[in-house]
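So, here come the structures, one by one.
In the two assemblies presented below, subunit A is common to both, partnered first by subunit B and then by subunit C.
Take a look at the complex of A and B:
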């Protein structure tokens, strides 16, 4: 008997969906749309019931825009994370824990798979089958508690300690870019040195700060960091990494970045939002080519999404669940975001965010020394510049996206973004007059607190 | 018997802000610095007056600073920002240029906040996280060159290497003398306390360096006259305490006063406003990069991650100092939201537990609300290590 508490994709959609593109994987294999449909309607509801929750406001609830193929394919890739990553590892690709908001070209160039905290979380989640939503939330929190215990209760970034050290997740290396936007990540990496997993390789890819892209010695230092990184991954993968490998990877990732930029411009140019905020975010984030642990797969969805969104914009199609003239919000800050369903219910929509978008927007030069080009691009991420430069870039995004207001969110315990929040908001208000609001979010639930949402709703009403 | 030179130093500190004002009127410039790897010799060699911005202990200023930075920054950084916001500290008022380093990212952010809101002229020195790599050292050397260049621009003169050499010699002498004085506080029948030496170290953050050195020499001469041969050994049941962890800046006396009030005797520290930054600083080459590398090669600050526990020099140094000063227990002090030290608290405790060294972790801030709770915990801890020391002594007998 069907579990009525769980969402079901409407069968009448099947034919339309099965006519869409196959997902092409990096190893040359593919999943046809029919495979995806079968998995999402037959297999996954039993394996991962929590993903099919009908609870409206749960963070991570799947999009209900069923006519947008990416909405289903993206979730397919997330729910198959455990199977796919295990298979890739068995085929010799080491898995490296990285940080969000950084490009992953060098990791893939060296034959690795780069997973940021959210993706590592998905992989870990995929190992626990049959859990309902509440069970899954409890499991996750228990896991996180272990990391707090081993590191500090003031830690928000534990570099996957809970899953890699306490949960036995077979990650091969922890090697994020450090300093980059987050103070805690390098301490999280360091914490692994006292964990039970002694074979885990650790490396900090040191991100110099303060006018870094203009300093030739800072670029040189970062080049050396990148070279050490690719060489270390190459060693684990048992291969030598050439400059040509990196050049090829940069070209591939640039295609993803360009597609995301094109899609964003299309989306922003529309009179009515062509997708809901959740799908917009998911699609644009694919431009970073890291969320699924397979850049080729992300690329196939991006290409298809561009065609779909162009069509919707051309025909003036508005996404379901979005009001006619929503208040357009832009989100600043790392690691947390407001609940899209609630925002849309309150008559608004999220039209952009600075975190992640900052690296996706930064194209890498394709001719010349690939390490130098990549280092220069990475050190130029707008999110990582001084507050005035970051504000100037953010204002440009606000204008392009037609934002009416800015929400700066940071997580409890976040020292770096919290310290930038007021400066950035003040600079934005000073130069544009656009209203801003700063919110500190406490982790602790899949649904955001009423208090937090009331504040956001009041802000939306004020606008 | 009181050490007379300490009285002189106290008086000179009272006079110092007015003196700085006069020096500035005559055209000299004051560089206020904060951080953990700022090569002060370069500032001094360029003719600036360096003063260290290390102020704490005022909960009200923490609150003020938090409005510009955030309530999630460490209390030390929040207070620094608060101090600039109010501009009432007599030393801060005299600063013309600020020099911050990026050892701790919170310090880096504080530089941005102070620059943005209080329009201060701030120079920032980048610090590599991979400080033990050759590439990291090379990067830091170049950052030091840039740091010197930015200071030269402000000084209007080029850095004279002969002057830098003199500056290094002066600072080396200060460090050497401090180390000698420090031994006296830990000795049996000590004639100077750790608290007095701690104050003496911090006086050097503010006084004229040449005068400071001569005052240190006088202090050392007095100490030698009072105690010819200071021997560090355990004396009965003193409760010999070692303080580790986050810095304790000028103005923050809560922890220290509680420890002494409950009968603990502090005999050593590895905090960055105590003796640690003055240890093992070897400058091999007279150049900005050479001086900076001397700083980077010391015992690393906890904000610089080191990825192998077994060869961690911070923990090795901690063990070495515990042995040298015959400490019987460690108080691991962490300031609220001081991640560099807080994240390592459990690990440090586990490591020390293997060596059978009792550790008490104190996580605190500048508010007085936890005073009684801390007193109770510290009293019990001091009592416990005294009993442990007594029973160890009985076994030996």
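Take a look at the complex of A and C:
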């Protein structure tokens, strides 16, 4: 049974919202702001009541900064994920499961849709309608537990693999960049190799590790991998993929990346935070062009958001619910993060993170061989370099964002980030004096445990 | 003409006990300590009311109240909530301004806190995933030996030798203890081993934050003399003697902060 106490968008906002931009989709269709308003006020509350929870600290709760169009449009795209991905598949676009923190230009160039684990989770969530918050959380936990059984209880982001293995999601191929920042990719690939769903194509895009971008062999090797990838997706999509297809796609994704960088710089330059931490993260994450399963849609929102953030910064408008001079926290590490609502209540705000920001910040050269350019860019991701290089890049981001403290969070069982955390934090502390705290997180809840809250609040008080 | 008296209260609602301290003129005026119940709001109020009753005051007589501990998130009676890490720092500094390192062992977690001369936190580390080094762990052990929790320390200090313990996990340590008793080891010697195992375990927290003298031991477990001795041996330090019940330090720090916050807000001068 669904929860009855649901959030409602204020009707008096309708006119203002309906005057905003339409979302343009990759297939040429669009959703006008009126379509979005209708869906978010009439359709989605019935289909996905959990998304409208009024519970204050729920991690997936929608932003209440309703005058920021992206706050509603981003959620519209997440809640329509199932319908949109199904439609795109019916129209011949294969869906490929990829890894977090990687760019997705080549997948789209070949006519596919690339979804990272979190987006696969969102797609899967969209297939279960009418659930209240607790019912949805229980469903998600059950899936995660099944994945622990099937893969390893030491692995973290595994539910996506399990859902695909079970046939719960019509994914057409599993093709992540391997050896990329995450130990669970190997768990996942092995689980897939040994799982029952043998008909699903598996392709590893082998990633030469650490500081290889200037090595000829590594670039050539990765180019071969990328060509293999686009050719395979092209076969599934029934089309031949040209170099020009990739060049066009790189230009499109570069625009998204540039917009995200511009918005971040605007945000960081503001005297008072122009958005809350949740909206900042959502907007910047769109620069990865993956989160909505439609880069064109993400691009529409990014363009509009830049104008809005610009205006707010120019006029010194502070986001609602944020204190005047919050403690500015930068988040390091993958896959988990602290609760924005709790952070802001404690008088702080999250100003950035290194995780997806690493690939968003890596622009791809647009002249010359697109495969070589892309391979070189991908092998340059700061997050994937030696700790020394990663620390140097992180320190640069800390300075740009005006961070007062660093929280390094990683999921329990993450062999990669747990090994890096201490070295990276020591380097940051040594070179900047900025206080750091490492948190290993293993929580199934949606509102953050007392223990975690206690640590983070004490850290904020200390700063 | 008589000047208005100002009273400031700190209420620390922990997992096992709720504590309160009322300050006046930089002195502890009254305290209250009650077991924590299911309802953390009620527990905090019980502790506060006990201190008010002892002091002969009413809640309206208090200028400012700071809530701390795990129950601080639901403390409608408090003007402000602060974590117990900050409060233990302020409380220890209030009693002993020369303290620079605090070991706080409470009912459900254990913390190493390094502070400066003003009682501000410089660094801290917490053990909040494992019950080793917590009051709950010692409660379980007291249950195994069928002795009162407050008698564990003295019993441990009467040991003639140390029985090594291989586990500090509450569940495994309980079964290991039962095996050791069955093997004929003396309870005092086993307890000596348990206290040293825990002390060694929490030493790791100090490897991260460092130790600078003076060292202070707060929290309910600080009343355990066996644990105090084991920690002194493990960390090679001398722990300063508190003038008040070490379980009240968090509440004391909250009361100190209540005084500071209210002064900043111009509620008194």
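In the analysis below, the second predicted complex is superposed on the first by the 456 of 463 C-alpha atoms of A that agree within 3 Å, B and C clash if a C-alpha of one lies under 4 Å from a C-alpha of the other, contacts with A are read in each partner's own complex, and residues count from 1 in each chain.
To be clear about the criterion, a residue touches a chain if its C-beta (ideal position, glycine included) is under 8 Å from a C-beta of that chain, and two chains touch if they have at least 3 such contacts.
Bear in mind that the values here come from a model prediction, so they are computed numbers and not experimental data.
Novice: Clash or fit: subunit B and subunit C on subunit A?
Specialist: Here the two partners, once superposed via subunit A, fit next to each other without clashing.
Novice: Applying the touch criterion given at the start, work out whether A:178 contacts subunit B, subunit C, both or neither, answering first, second, both or neither.
Specialist: A:178: touches subunit B, not subunit C.
Novice: State whether A:453 touches subunit B only (first), subunit C only (second), both chains, or neither.
Specialist: The answer is second: A:453 touches subunit C but not subunit B.
Novice: Which partner does A:86 reach: the first (subunit B), the second (subunit C), both, or neither?
Specialist: After superposing on A, A:86 lies clear of both subunit B and subunit C.
Novice: So, does A:418 touch the first partner subunit B, the second partner subunit C, both, or neither?
Specialist: After superposing on A, A:418 lies in contact with subunit B but is clear of subunit C.
Novice: By residue count, is subunit A touched more by subunit B or by subunit C?
Specialist: The larger set of subunit A residues in touch belongs to B.
Novice: Does subunit B (first) or subunit C (second) touch A:462, or do both, or does neither?
Specialist: Only subunit C; A:462 stays clear of subunit B.
Novice: With both complexes overlaid on chain A, does A:197 touch subunit B (first), subunit C (second), both or neither?
Specialist: In the superposed model, A:197 contacts neither subunit B nor subunit C.
Novice: Considering the aligned complexes, could you tell me the closest Cα pair distance between subunit B and subunit C in angstrom?
Specialist: 6 Å.
Novice: Kindly list the residues of subunit A that each of subunit B and subunit C touches, one partner per complex.
Specialist: Common interface on subunit A, subunit B vs subunit C: 440.
Novice: Within the complex, which stretch of subunit B touches subunit A?
Specialist: Spelled out, the residues of subunit B in touch with subunit A are 67-74, 102, 105-106, 108-110, 112-113, 116-117, 124, 126, 128-130, 133, 135-136, 138-139, 142-143, 146, 305-309, 336-337, 339-340, 342-347, 350.
Novice: Would you pull the subunit A residues touching subunit C in the complex into a rising list?
Specialist: That would be residues 435, 440, 450-451, 453-455, 457-458, 461-462 of subunit A.
Novice: Looking at the complex, which residues from subunit C come into contact with subunit A?
Specialist: Of all residues in subunit C, those touching subunit A are 70, 73, 82-86, 109, 120-124, 126, 128-129.
Novice: Within their complex, state which residues of subunit A touch subunit B.
Specialist: Subunit A reaches subunit B through residues 149-152, 154-155, 178-179, 183-184, 186-194, 202-204, 206, 208-210, 212, 215, 217-218, 220-221, 224-225, 228, 386-388, 410, 412-416, 418-423, 440.
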